[in-house]
Amino acid sequence: MRNLIPVLVVTATLIALWYAAVVPMNAQWAQDQARRAGQDLGFAALISETMTQQRPRLPAPHQVMAELWNSTVVEEMTGRRGFMNTGSLSNRSLVYHGWVTLSATLLGFAIGSALGVALAVGIVHNRAMDASVMPWAIASQTIPILAIAPMIIVVLNAIGITGLIPKAIISTYLSFFPVVVGMVKGLRAPDHMQLDLMRTYSANGVQVFGKLRWPSSMPYLFASLKVAIAAALVGAIVAELPTGAVAGLGARLLSGSYYGQTVQIWSALFAAAILAASMVALIGLIQRATLKRMGMAA
Amino acid sequence: MMVLRDSGGVQWAGMTLGLLAAIAFGMTGAEGQPAFLPLAALLAALLVWLALPRADGMAHLALLALMTGAVALAAWGLVVGPMGHVGFWAAVIAVWLGAWMLVAIFADLPRADGLVGRLQSLLAPLTFGATLLWLWEVTVRALEVPRVILPAPSAIWARILRSTDVLWVDFVQTFVKGALSGYAIGVGAALVFALLVDRSDFLRRGLLPVGNFLAALPIIGTAPIMVMWFGFDWPSKAAVVVAMVFFPMLVNTVQGLAATEAMQRDLMRTYNASWGQSLLKLRLPAAMPFIFNGLKIASTLALIGAIVAEFFGSPTRGMGFRISTEVGRLQLDMVWAEIAVAALAGSLFYGIIALVEKGVTFWHPSQRGR
Amino acid sequence: MRDTLTAPVISAKNLSLTFQTNDGPVHALKDVSLDIAKGEFVSFIGPSGCGKTTLLRVIADLEQPTEGTLTVNGMSPEAARKARAYGYVFQAAGLYPWRTIAGNVKLPLEIMGFSRSEQEARVERVLELVELSGFARKFPWQLSGGMQQRASIARALAFDADILLMDEPFGALDEIVRDRLNEQLLELWARTEKTIGFVTHSIPEAVYLSTKIVVMSPRPGRITDIIDSPLPRERPLELRDSPEFIEIAHRVREGLRAGHLDD
Amino acid sequence: MRDTLTAPVISAKNLSLTFQTNDGPVHALKDVSLDIAKGEFVSFIGPSGCGKTTLLRVIADLEQPTEGTLTVNGMSPEAARKARAYGYVFQAAGLYPWRTIAGNVKLPLEIMGFSRSEQEARVERVLELVELSGFARKFPWQLSGGMQQRASIARALAFDADILLMDEPFGALDEIVRDRLNEQLLELWARTEKTIGFVTHSIPEAVYLSTKIVVMSPRPGRITDIIDSPLPRERPLELRDSPEFIEIAHRVREGLRAGHLDD
Amino acid sequence: MDDVTLQLKWVTQAQFAGYYVALENGFYEEEDLNVTIRAGGPDIAPPQVIAGGGADVIVEWMPAALAARENGLPLVNIAQPFKASGMMLTCLAETGITGPEDFPGRTLGVWFFGNEYPFLSWMSTLGIPTDGGDEGVEVLRQGFNVDPLLQQQADCISTMTYNEYWQVIDAGISEDELVTFKYEDQGVATLEDGLYVMEENLEDPDFVDKMARFVRASMRGWEWAAENVEEAAMIVLEYDDTGAQTEEHQTRMMSEVALLLEGSNGTLDMEDYARTVATLLGGGSDPVITSEPEGAVTSAVTDAAFN
């Protein structure tokens, strides 16, 4: 709660800056239009013109907020296909598309972080894996997913897998890597004395892992998970482009982009950012609770 | 974990079984010609492996070379010979296990000093990579995967040799201009932002949540906007990269700046060190492991970002442009050639950062002892 | 003793400090009152957990008392800290792992803006003092426990703080080095007129070094005895066999024992 | 002393250990030969940096000697370690910060597969032994330095290792607690016939506790004297005023001093 | 019931209304077909999908299909619902461009991903290099929308008569502020949306029969759609899962698409085919295809369907 005032101040500043930017960004088009129509725009007219364009270069904050509101609450409450009228979510509402994306994100994130942790464990415990796998895990991340996403989807389609899974796989692909990098470091964080203690107990690998490496990697794990969930969301959105772009925030972004609906792009973008931020915040909460239980609360 | 470490036995058993299966199913091809070469080579590799522990010094190295040769010969024999039947697949698995044995042995080899040691540490990953590529080649050939779905590595290699000039132009456009400049700006901005936020409590509590929110914007959405704002050429790609690397870098830096021990901070307090001093002398050094974590993750994201951004509009050059255009033209070998260049450039980039990290964070337990 | 007439350098009145922990409050300090004059050498002795470290930390403004008042040089501990009045030797060495031994010792000098040449000279001098000259370029993890402790002493001695607070600085050292460092510390103290707060577990050490010995007892941490030493300022090692010495030592031991009986 | 006829539990022959560092090799151990029989109480004493910790670490298979041979119970140190022959108290407490005190003491018991109820019982018993009963649920950073050290002693005593290796376990404790723990350690040793290797900087402590005192000197770290104590196994505290005691203490002090003169 | 999977070239829109109408109105069912329609997207290459076994039949433009064929993917045209080409180049009048002779030195937006062939053929017919310079044109890889024109990043952009052109209009630029070059008018028109299958499948008479029924039903759909423009647009909207399409835009697209259908009953006109091949072959130094294709078209299916 004590964060409230600073957040409000910062947000207000940013919104003010945003409004200030709207005018110069959109002025060109407004003036071009006026010139084409043979009119002359006064200053006040110019300002109001830039705030109300159909396809602005930079939509005004209130335009984005209005679109967000219309495509969530208004659409579901009053829309022809809205929840109130049909009992199921409308495919014109961001709630529906957000949910489609979120489910793929969460599945991909779960698989990705499990895979990342597993790989890190392998790398830390097995010399051969340490020497050989890491460079290729790195190389795998330099392959542009948008390039292989359609191929993955084509191949999976061919063997009859469609829908959620192909998207989740691409989410997985993006999210496992931060976890590997962070966890390799985290699992190697225990200092010599802590490891020596385990040696004197002749603890086996599982015990050293469970009682030393795992707990001391917690700060690294959470830092990685925060990055990973954001990456998983990006993966899900990317994957929605070539799946025929039928549903999900990615599809919204794409169709908005295809039809030049800047405001629609921005509202889908904000919806995605809201999703990402709340998932990151959720992980932050879990982190705080965990570290507190481990006596490491700051 | 112990099981993993002592997996030599498992691999040996697997390789033997694969070999036996290959013999049992009869390594005969479609035309009925027996494929003796891979079988004989595999058998040789197995025998050498058994002899390996009993030799040391030069003899050990010689045997190792022999085994590598034998596995490679078997691999080659499988590529050129008749393909696709059960015995063939058993032999493929056996070769794969043999290669994994080699990887394990290479990884455990005592490390020489200096340049030889450097090169030596490449042995295991290269063998592993070669095995992956070989599996790819064999699978594509044996299953007759259409060229327009997945070309064989050999075809990709041929394409790389044929198109070096185009690949170079694309590399400069995307990696040097787009990715590197965006990386520098994004990482720098995140560092400055993290310090700003760290400097003032008010800013930390106000900017951090808002910053996290804004930085969580998925780049795919920002790419068309950036093209709209910064034009078709590389500046818009750099802008996307900035947006993409900012968040991981920020999270890691902020976390790292908080990663000092209470006593280390108390010491600074007794000196009445200024914020800048305790930053420079305590918190930044202590944060380095985290900061490098961020730098590494950002390095791969930068390349992806620059390439993906080109999908939303570009001049007629660049790796992303080429990839998306050539997919449409079904020139998949060119697509993979670009991907190979991307992977190589990205790995080198990453490797350089890892090297610097090793120098800077030599004191961290994760670097000191293995 | 001299100078006891001047205003005290450190003056604590009814200090209390309670830590809130997951299973209830811990009374680390309770009603502690103490005056320390300029140039005094004060030892704190008491069972483990009686609040010696906490008291030193409160004096150095590393911990806030929950009750009572404390002034240092007539100002608040915070103001004194800002005036860089303290040299502090922590109970654990706490060297920065990314700096060499010389680098660690140089750290306060860099922060306080000594000139490059002055830094070098001082580092060399204090490393010599703690017998670590040969180890300047080693990293902390390459040193033995006692060597690390000596490095941290050198770090605190490198700059000229008025008030030296030392938390069991010689705990990990053998008798011979300890004697030598004791002598050197006395010599430094005599030369510079520093005020020294010194935590130790060794009764002879406390008696040998101090002008004032503070005996504490735990749960809650409080002062049970304050002994002003009648020993002369000039203290050869042989002094330790004198009857006065043995008498004071006896009194300290009794105080300690009483503290232990409490629990 | 008894049992010196049986084969030694620990037998070191010409052990050497050299660390390679950024500025040249450090000879931490040089040509160390030593036999320790079952049930002996061996103290190691010597100037800081003379290799005491290193020697203990080599015995516990935490460090590999660069030369020489070492057997423990007739096997390699590694085999002995795998047979869980060692209880080790490190020079720094090294508690795991994410575990409570009870959790830290319980750690080896969990690893060695004691039953839940046995774990609880043992934790309670050893915490009582080191006078930390009330602190079971606290986290390490909520304890004073001495308390942390005692917790780490409790951790090593919680399970029944044949060989106890203790690296300055009582360094941060006051005389009274120290005496009490000394007595308890002797009692435990008498009862269980453990073999104990014990690093200390206190000459009286070494003499009071040990059946054998090993005096070491630094650069390179080597053994300068091995003193078999003629003191009886039964040792009341008053023993420390006996002439034999004072004589042995004198010999140890001379050995130590000689080691210091070298450098 | 026989299963048929159709892979579209682009997202769900009135460009593909015939198929959706046939599905919605049960025309496929009447032919005993169980049809699945897969929408496309910016990175879906239908030839790749069919090669991977993800579809039985695809909607593709002929230049891309012929190029794929030369690349070793034997696609065969079985039907051609679109008679005319809807492609054009749209320029802002204020740039002063009045004819192709004004192109050199200009920046032109072009779709790639296999859609660049008609443009490249046209330029090589005109003898204009496409790699910049004073003599040539600067080519931009145009993204999904018409922004490059609105933002004046390009002098001209590629548009379809039924889609992007109207986006420019909707953005607030009137028709007389635009100069357009239709490929049809420039004599470089190539055949667009046709139906293609894998050659090897055509050896199977059952498959040919299945496709005949599919093409028949699809053409019924197209006829119905051309006659019932508004209803067809509504059907397309029903099938659009993104919820992003608008009624106005789809209705207009449907009526524009109807114009392109005129003159085709689904059977490929061999003259159109010959013209397309000639255009693609005549690309000067860098033609889209290098030799006269063989077996790239068949009338077997349409013959079976309509006779």
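Points to keep in mind about this one:
Note that the chains are named A, B, C, D and E in the order they appear, and that numbering of residues resets to 1 at the start of each chain.
Methods note: a residue touches a chain if its C-beta (ideal position, glycine included) is under 8 Å from a C-beta of that chain, and two chains touch if they have at least 3 such contacts.
Every value quoted in this text rests on a predicted model; they were computed, and no experiment measured them.
Between subunit C and subunit E, the least number of touching-chain steps is 2.
Between the contact lists of subunit A and subunit D, the overlap is empty. Chain centre most remote from that of subunit B: C (centre = mean of CA atoms). When every pair of chains is scored by its C-beta contact pairs, the maximum goes to A-B. A straight line joining the Cα centres of subunit C and subunit D is 28 Å long. Distance between subunit B and subunit D, defined via averaged C-alpha coordinates, is recorded as 47 Å. Centroids built from CA atoms put subunit C at 53 Å from subunit B. With centres defined as mean CA coordinates, subunit E is found 85 Å away from subunit D. The set of subunit D residues that touch two or more partner chains comprises 92, 139, 141.
Of all residues in subunit B, those touching 2 or more other chains are 149, 224, 228, 311-312, 324, 327, 364, 368, listed in ascending order. Residues of subunit E in contact with two or more other chains: 42-43, 45, 48, 52, 143-145, 147, 151.
Chain pairs that touch one another, listed by label: A-B, A-D, A-E, B-C, B-E, C-D.
Considering their complex, residues 11-12, 38-45, 48-49, 52-54, 143-147, 150-151, 167, 170-174, 177, 240-245, 249 of subunit E touch subunit A.
Touching subunit E in their complex are the following residues of subunit B: 146-149, 224, 227-228, 231-232, 310-316, 321, 324-325, 327-331. Residue ranges of subunit B in contact with subunit C, taken from their complex: 261, 263-264, 266-274, 277, 281-282, 285-286, 288, 361-364, 368. Looking at the complex, you find that subunit B touches subunit A at residues 1-2, 4-5, 100, 103-104, 106-108, 121, 124-125, 127-129, 132, 149-150, 202-203, 205-207, 209-210, 212-214, 216-222, 224-225, 228-229, 247-248, 251-252, 255, 258-259, 289-290, 293, 296-297, 300-301, 303-304, 307-308, 311-312, 319-320, 323-324, 327, 335, 338-339, 342-347, 350-351, 364-366, 368-369. Across the interface of their complex, subunit E is touched by residues 29, 33, 36, 54-55, 57, 81, 90-93, 96-97, 146, 149-151, 154-155, 157-158, 241-247, 251-252, 254-261, 264 of subunit A.
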